[in-house]
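You will see two complexes here that share chain A, one where it goes with chain B and one where it goes with chain C.
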Partner chain A sequence: MTRLHIDWTLCDGRGLCTELLEEMLAEDDWGFPLARDGSAEPAVPAPLENAAAHAVSRCPMLALRLVGRTS
Partner chain B sequence: MISATEAPSRLLSGDGTLDHHLARHGRLPLLDGSQIIGMARDASLTGRGGAGFPMWRKLGAVAASGRPPVVIANGAEGEPLSGKDRVLLTRQPHLVLDGLQLVARAVGARAAHLYAPAKLLPGLRKVLADRRGAGLDPLPVTPTVAPDAFVAGEESAAASAVAGRGAVPSDKRVRVVETGTLVQNVETLAHLALIARHGPGWFLSAGTFLATVSGAVARPSVVEAEYGVPLGELIAAAGGPTFELQAVLVGGYHGGWVPADLSLPVSQSALAPFGASPGAGVVLALPAHACGLAETAKIAGYLADQVSGQCGPCVNGLPRMAWTLADLAARRPRPGLPGEVARLAALVTGRGACRHPDGTARLIVSAMRTFEADVAAHLAGRCLATGGRR
Partner chain C sequence: MTDALWYFARGSGVVALVLLTVVVVLGIGARSGRPAFGLPRFAVSLVHRNAALLAVVFLVGHVIGLLFDPYAQLRFFDVVVPFVGNYRPVWQGFGTLGLDLLAAIVITSLLRHRLGVRAWRAVHWLAYLCWPVALLHGLGNGADRGTWWLWATSLTCAAAVTAAIGWRLSATFDRFPARAERRVAPRLRPHLEEASR
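Coming up: the complex of A and B.
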């Protein structure tokens, strides 16, 4: 399963990803992306795979990655 | 000051010398890598640095990583309530270093490091020189200073420090074991050195753990006991309670508060219902006249100060969580305060490069539960502990 990994040491919380991928991500109190499913590394539903890949490629800090793992 | 208990014990008695070590334990038997991994597995040896992860699975993952393996003995002990690693490295450093050679053999390591506080390093350098002279370290061991900071002992921070970068945690998209780096707590390594000599069966029936017992006890100490020991026995080994106790913090600053039930076994399964675990063996006894919320707010403030400044949700969330709890502790109630504490705890959990936010949130959630009656009183502007508990 594809998951969205956020490297918190790189993310600056400007929130571009939360606009590009609002189905999956909300903004937290400080503007950092917050998975709507509450998980640390949210699963990417198949219909959102393209949008997720787009968000990954647009992240200015290269903080987002798609990873394939089960936990 | 925390001292080692006087009771006869396996890991805590000793003068740190090679002569004493060889007279008592002898040299390590010759074992190959798969025998060592098999022994760690059959003994069910789990990590003593806090997470309690089975050692043999980490050994297997590092061996299979395809990277030139590096092994690190983690003696950083950044937890202020813990003293067991320092005592172990002073009394029985050779057991730790025997264990380090065993894991080096098990994973085929090309480098070995001993990561420990600056204060211990002069003594440890002498220990390493003695071992080299006696041919006990086929793989040379490099000592590295662990800075005096709470997160300096986190696995990726230790890996970064021995590689010559800062002692700060890094992102876990690639797990530390997948980079070919094995980080083990020094106590875990000492147990492995005993298992290699006496066998997994012996460890299953006679294996121990180290606990650092402090707070309202007569003789704050490091004690050695078996998992499942009743909480009261650990406290008795530290001289017994000096006051009536109301709660005990088990597992340290990333641990959980449990009621002062002295019959409660200190084991993974018995502590799980309280959201606690033996962790690195830290036990803090809270007297009845101290406020658990104030105590926790103090710890939360310290933990918020120890954030390594890298991850937004942790950098922002831990101070906010600590202030919110401090308001509750100081009886500055506002509507929805307990709910806000719970919301922030959930908000920071899992959202950092390391588990510092998770551990901090766990402590606070356990305080809100164990001190539930105090929460209600504080919201009404009263304190049960400092105003008498009836």
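Coming up: the complex of A and C.
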């Protein structure tokens, strides 16, 4: 299962990822992305893999990464 | 046929300048961290990237057109090494320099996930050098220099970029003005308003 890793040391709360991945991420009050499922490294459902890849590529701080397929 | 190459090279150069202007303005818009020009943030970023890639396409056309044009007699050497051309070496050199800078910016951007954000950003600052160099090249080197429409195009582009840079340097550019009030947890806002009375 692919997971979305958010590097909090890099993330600047620019919110591009929450625009692209609304299904998985919500903005907190400061604009930082929070996983809707409450986990630190949310699982990416198969239908959203494409959208997740877009979010990774658009993040201006390079704070996002897709990790592992170790289900 | 030979004329076609010549006109194509000139036209594509002007189109590339206009595209680069869009790229710089949208880049600054993206940096502001807010939706700009009626687009959501990710779209500003995407159009910024795609306009840049399109500018590269037109620049490649511009250069190839001149390489094969019997009148321009551009040597391959001139495409890479600035300021040594036969024709108006300084103005032509600006074009070569702009091309080299743009190549560096685009290549590091495509590889940015491997380079890391610091190296990528450092190179990306070169955009502020690349754009004026391209503008000067068009005004000083082009066969259309001195025509009213090239001046009009150049001045419009310059106005757009100057305005964007002015905005970038202004106090209101601040990182995320749209979010400023949200830095306070919504639950606390009424208390703040009370306190500031």
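Convention: the second predicted complex is superposed on the first by the 68 of 71 C-alpha atoms of A that agree within 3 Å, B and C clash if a C-alpha of one lies under 4 Å from a C-alpha of the other, contacts with A are read in each partner's own complex, and residues count from 1 in each chain.
Quick note on the criterion: contacts are C-beta pairs under 8 Å (C-beta built on N, C-alpha and C of every residue); 3 or more make two chains touch, one makes a residue touch a chain.
A quick note: this is a predicted structure, and the numbers were derived from the prediction, not measured.
Undergrad: Specify the outcome, clash or fit, for chain B and chain C once both structures are aligned onto chain A.
TA: fit
Undergrad: With both complexes superposed on chain A, which partner does A:H5 reach: first (chain B), second (chain C), both or neither?
TA: Touch partner of A:H5: chain B, not chain C.
Undergrad: When the two structures are overlaid on chain A, which partner does A:E19 contact: first (chain B), second (chain C), both, or neither?
TA: A:E19: touches chain C, not chain B.
Undergrad: Hey, in the superposed model, what angle do you get at chain A between chain B and chain C, Cα centres, nearest 10 degrees?
TA: Computed angle, apex chain A: 120 degrees.
Undergrad: Using the touch definition from the top, say if A:V67 reaches chain B (first), chain C (second), both or neither.
TA: So A:V67 only meets chain B here.
Undergrad: Thinking of the overlay built on chain A, is A:S39 touched by chain B (first), by chain C (second), by both, or by neither?
TA: So A:S39 only meets chain B here.
Undergrad: Report for A:W30: first if it touches chain B alone, second if chain C alone, otherwise both or neither.
TA: Touch partners of A:W30: chain B and chain C.
Undergrad: Minimum Cα separation, chain B versus chain C, post-superposition (Å)?
TA: Result, nearest C-alpha distance in the overlay: 8 Å.
Undergrad: Both chain B and chain C touch chain A; at which residues?
TA: Correct list for chain A: 10, 12-13, 29-31.
Undergrad: So in the complex, the part of chain A that touches chain B is made up of which residues?
TA: 5-13, 28-32, 34, 38-40, 65, 67
Undergrad: Can you list the chain A residues touching chain C in their complex?
TA: 10, 12-16, 19-20, 29-31, 54-55, 57-58, 60-62
Undergrad: What residues on chain C touch chain A, complex-wise?
TA: Interface residues on chain C, with respect to chain A: 30-31, 33, 40-42, 45-46, 112-113, 116-117, 120, 176, 179, 182-186.
Undergrad: For chain B, which residues are in contact with chain A within the complex?
TA: Its residues touching chain A are 170-171, 173, 310-314, 316-317, 320, 346-347, 349-353.
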